[in-house]
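What follows is a pair of complexes built around chain A, which joins chain B in one and chain C in the other.
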Partner chain A sequence: MTGGLQRAASTVLLVVVSFLLTALILWVSGYRVGTVLSGIIQGSITATGAATSTIRWTIPLLLIGLGVVIGFRAGFFNIGGQGQFYVGACSALVVSLGWREGPVPLVIMCGMIAAILAGMAWSLLPGYLRVQFGTDEVLTTLMMSFIGALVLQYLTAGPLRNPSGTGQTAASERIPEAFRITDSSGVSVTALLLVGGVAVLVWLLLERTRFGLTMTLVGRNPTMARWQGIDVRRVGLGTFALSGALSGLAGAVELYGPGARLVTGFSPEVGFTAVVVALVGMLSVWGTVVAAVFFGGLQSAILFLPIVTDLPPPALVLLHGMVAFLVTIKFRAVRRRRGGLAAKPVAG
Partner chain B sequence: MEQVLATTLRSAAPLVLVATAGVFAFRAGIFHLGLEGLMISGAFTTVAIGDATGSVELGILAAIGVCMALSAVYWWVIGPLGANVIIAGLGLTSIGLGGTAFALGAIFDLRGSMFTDVVLPRPVRGATSGPGVIISEHSILVWITPLIVLVAWIVLRRSRFGLRLAAVGEYPFAARSAGVNPSIVRLQALLISGALCALGGAELSVGTLRNFTENMTNGRGFIAFVAVIFGAWHPIGAALAGLFFGFADAIGIQSQINITERVPREFVLMIPFVLTIFAVWLGGLWRRRTLEAEAGYAELREPDY
Partner chain C sequence: MTVPSGPASAEVPAVRCRSLGVSFGTVQALHDISLDLAAGRIHALVGQNGAGKTTLANVLGGLQAPDNGTVCIAGNQIPSGDVRAAKSAGLAMVHQHFSLPPSFTVAEALELTAARPESHSVYRRTELYRRWQNDVAEVGGTNVLATRIRDLPVETRQSLEIVRALASEARILLLDEPTALLTPAATDTLFERLRGLRDDGVTILIVLHKLREVAAVADTVSVLRDGKLVLGPSEISGVSQGQLSDAIVGPAPDTDRAIAVEAATDVEQQLLLELVRVSSRESAFEPGLASIDLTVEAREIVGIAGVEGNGQRSLVSVIAGLSAVTEGSVLLGGEEVTRAPPARRRLRGLRLVPFDRNSEGISRSAPLWLNQSALRLIGRRGQFPLISLRQYKRQASEAMDLWRVRYNTVAQPAESLSGGNVQRLVLSRELASGLEVLVAAQPTRGLDFSATNFVRSSLRGLRDAGAGVLLVSSDLDELFELSDRLLVMYGGGIVARFNAPFDRQAVGDAMTGALR
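Right, the complex of A and B next:
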């Protein structure tokens, strides 16, 4: 396991470097890094409601991040989590607003299933094109993501718009209070059990089932997997479906939890941050849980920071970008050591 | 109708410039998802430096410098340091979007947007009706964009550099055998790409408007990337695709005005994305038959880290 340990060490190192670089930028811009740091600790852990807020932001990051883990493990760059998240939330909203009088548990259940199916559909279209025709999934998932954002914009500004809303951005009508699984803090026993259960299921699937193993094999070397008699297409479709399902579910949890209504372009960074979370979590389930809590804490802190310092919130986007920019540096170094040089020309 | 065509040209110019940038990167075998970040950095630097010095030329020069420097860092990270091209590219985009919005608050103490007095010169002005509207009020960058596309085409098609670029992108192993260092060629391509992104960003911020707004690129960098794919990574093809997406954008702006009877604006805005999925799908079908392209393409994508 020294390889795993080395990977962990290099990931931690790269994340630390990203943080130091961002801190340097803050320092040059005239912010006191110490104040910002203490603000982050207060805003993510110690201040009133901060820990709750951290968990609230951990939930979507973890669900979408696990979807990314599943995709990346099998070698598919499903980077369309944002759009799958949005269409999931939209479907749950349509179900909940269309069936206001229905029995509460049934409506929530249907809403979540609708969200999962919508997320799946959003991910399966690129997935089908990928396994059937070899169409590049980076582009198609990205495109589907933009389309999903426009679907949300259309619904919240059009058919489902709250006519009495006065805010600058369009928002939908609220779902009935009875349907919500948390209060506005976004944390409740139900939500935690749901997300924890999903994490355990994903772990079981990836580490303890045949499907998980074949997925990883396909990711490592699709050609070899095919020669071993693995149906790569089936595995690919299953991977895309699961990955999209988790993002869609995250959308439903967001709606039934802290949201209660949808706003045009809500949580715009969550899809990309989830990719960062999965990579920092080294594509392992528990690593992703830790990374999700960490980035959830940062998200929570950035909302708190205006109280202690005038740091503009986009600093967080900058930090996420910095981590993403650097965190994959290790990956090819690993491949090089494995002797890929002889087989394949490498850049650089 | 004249108004739609004029808006098309204005919307298309930044897209075409950034798409040309994308063509250079793509030809070198780099799946450049950082275009958006470079574009917004260019837009911001032009406004910030242009406003500080009072000279739009200095602003643009600074923007080109910043974008080329960022591109060089991107090259260093994905080349010698071996980071994943796609993830690092998305990271670069976030650095650009987050960094400019942060700088707006941190340096200028502004939230949202920053207005400026500097603006690009407009060679033809004054027409208010008739066909003259189509060519009136465009910034100088709109006028020289076709020229840039033409030069890009000649460079890619007729120069030694263009040939090397194609070799590096399509089959780096062969390029290396022929004594070409793919890494250096990639750096050159990325530097050109960065400079063009800076121009695209400048046109966006001081071409038609006179301000920088947080997230003002609003996905245009990605649409430009899409234009590269849609135009089969040919400079003329990418430019035409950019023009078409500019047209879709102009129609979108128009349909927003009389929204009740027309198609909702969101559906019009979806057009480039839906078309791209088709284009990538069909393009992939065609490309699978050319085995040579596979090697370069695999290196470009590198899903198996």
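Right, the complex of A and C next:
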């Protein structure tokens, strides 16, 4: 257990270092670091509605981040959460607009299932390419993500465009208010129960089922898994499906929650930030929960900051990048160290 | 022997080291080694796995910097861990694992590793062939120059490694377990070659595993045990095999009794594994199977002999269900499993000890309990989805305790175990329950004496308990000792079948395809 604590401590340290480096860059660029820091704290915790906003952003980050954790468990790096999130939201939107008169719980259920299936499909295509042909899933999931964004753009600017909309960006019609599970704050008991339930289910799946253990073995050594009679291809496809399903579900929650309609390019960072969330969460379920809250707070602060300083919002995205950068280095270094030890000749 | 010629005189030892010490973390790999190797002789270095033989060879060759101590080659002190200095002092190494790049032609590979490459960096092929034609005269002549390394038979690759070493005009040759992959006939050829080199004045240090080989080739012998030099260098004539064996194993008698293994065979079933005219596609490294017929019955160990790379891997992976059968059928316990997935075969009682235990047998980074539980994960459809980790861990620790795996906690990664303990872990999993037929591929490779004996007695126990065992090994002594029947693979087919008692020469001939 001390090993776990140590790893957690070193991850926290990384985040602190990222903060310091970002602060340094801001300071050199002539911003007042103190103001920015207090802005972050106000924007994520203390300002009116800030804490709610933090939780609102935690929800999609957590759902997509858990998808990344699932992928990683079996050795796959699904970074296409953004696209899976978009097609999930689109599918839920199509169901909801197409069946406006339907019984509310049933429509929401169907919308969520449609979102899950769409996310799965978006993830399964790269997954199939990976297990069948060995195509690098980092590339294919990323490319699929762009396609997903274009699907969203097509739908919101084309067939599902709100004809009475006047905004500069294309947006869809709103779904009926009755279908929403939260108000525009994006936080409600239903949403929290849903996300919490998903987190518990994912934990049970990964840590307390044979399939979860099988995924771990496949992720650590597929050759050995194959010799043990494990169908590595099926485990791989299952992993991709589950991973995409969570991102798709996140899209539906976004629509039925704070969104109510879809806007071209909404929440543009969330799928990619979720990858960082999973890495900072040390690819464990509960670690990812903590990391999602942290990054949810940052996301909330990014939106709040323009109110108190003239700092452009992308400046804080710098912090995400910094954390991602350092976490990746740490990941590599740990692997290298392990490999180095193993490679050292001890036999005579 | 003839009078040594060349620069090394009989007075100055070819290699002298003083107080060498090397440690890896907490492991003391070499401890205060002082050694003189006289010029123009063949010196054997023996010891168990982990005794420090490879480390010592690496230190002498400049590949490993010692923590303390000095190395002198032909009277000149070599800066610590300096490969170039060792090379230019006339020392060349032939490694345990082949070092020539498999995708290169022989001429390219030799040019790559040459001590003095020509000054220009653009070559013409014919020019390369001309330059190296004399060097390869002994290994098959100029025809071999255009062949890619990977297409050569094992013994030719071994010879080429020596050609490479000698191309640098080495006067001292270090060979690290050169016979590990060779047939008895190829080993004899190698030894003949080494004697010729010695007679030309080359000093040779050869790391060996088998006492028979030491007696066959060495002038002197030294024994390492636990990183210490416990014997020698002594004239081979002055040491008995018994003394050597005692020095290698050490004083503490190993009381590793065999484990009572249980097999799940019901007595009626006799034919446990059957291959009927099975063929398969060739892989990158091996010929495919060529119409193989094979049976394994209850209560027998069937040995598969053969030079490595003659289809043994194809055979095992066809039985395991990891590579496809193009023709013929595979039956397990009378049930046709030709197209069945690996899991189905596992459930049917097939157990496997794979060739490479570290990559195929275990997951190095996964915890011990998960490695041990792997077989519990397959084929359990329709059961309650949630499992009790505590139960899994308890079962794993019980099994590992039974097999006397040395570990601290079930949560430690498998890579923290030594080779022998890894094999115990594999056996504790594969032999735990439901076993009807075991396919054991090189189960004792790289293990020390006591671990080897342990594995062998386990296989025997398995047979006596009623199971069938298919034993694939490149250790003829092991095959002769354990097998009830012996089949020899050559070029993907079974070319000879023997019953005990076995004729070493006849088996060797079949392995090499020799005609007498």
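Basically, the second predicted complex is superposed on the first by the 331 of 348 C-alpha atoms of A that agree within 3 Å, B and C clash if a C-alpha of one lies under 4 Å from a C-alpha of the other, contacts with A are read in each partner's own complex, and residues count from 1 in each chain.
What we mean here is this: a contact is a pair of C-beta atoms (placed from the backbone, for glycine too) under 8 Å apart; a residue touches a chain by one contact, two chains touch by 3 or more.
Since this is a predicted model, take the numbers as computed values, not measurements.
Once the two complexes are laid over each other on the shared chain, residue contacts for A:Asp183 go to neither chain B nor chain C.
Touched residues of chain A, counted separately for chain B and chain C, are more numerous for B. Once the two complexes are laid over each other on the shared chain, residue contacts for A:Phe272 go to chain B alone; chain C is not touched. Judged by the touch definition given at the top, the superposed model places A:Val323 against chain B, while chain C stays out of reach.
Of the two partner chains, chain C is the only one touched by A:Leu213; chain B is not. Of the two partner chains placed around the shared chain by superposition, chain B and chain C are both touched by A:Asn221.
Residues 220-221, 344-348 of chain A touch chain B in one complex and chain C in the other. Contacts from chain B toward chain A in the complex involve residues 29, 31, 33, 37, 77-84, 86-88, 90-107, 111, 172-173, 176, 182-183, 186, 214, 219, 222, 226, 229, 264, 266-267, 269-270, 273-274, 276-277, 280-281, 284-285, 288, 295, 298-299, 301-305.
Contact residues on chain C toward chain A in their complex (touch as defined above): 24, 27, 29, 47-56, 58, 64, 224, 227, 320-322, 341-343, 345-347, 352, 354, 359-366, 370, 373-380, 385-387, 389, 415, 419, 446.
Chain A meets chain B in the complex at residues 25-26, 29-31, 75-77, 79, 125-126, 129, 133-136, 138-140, 142-144, 146-147, 150-151, 153-154, 157-158, 219-221, 272, 275, 279, 310-312, 314-329, 331-336, 344-348. Taken together, the chain A residues at the contact with chain C in this complex read 204, 207-211, 213-214, 216-217, 220-221, 223-231, 338, 341-342, 344-348.
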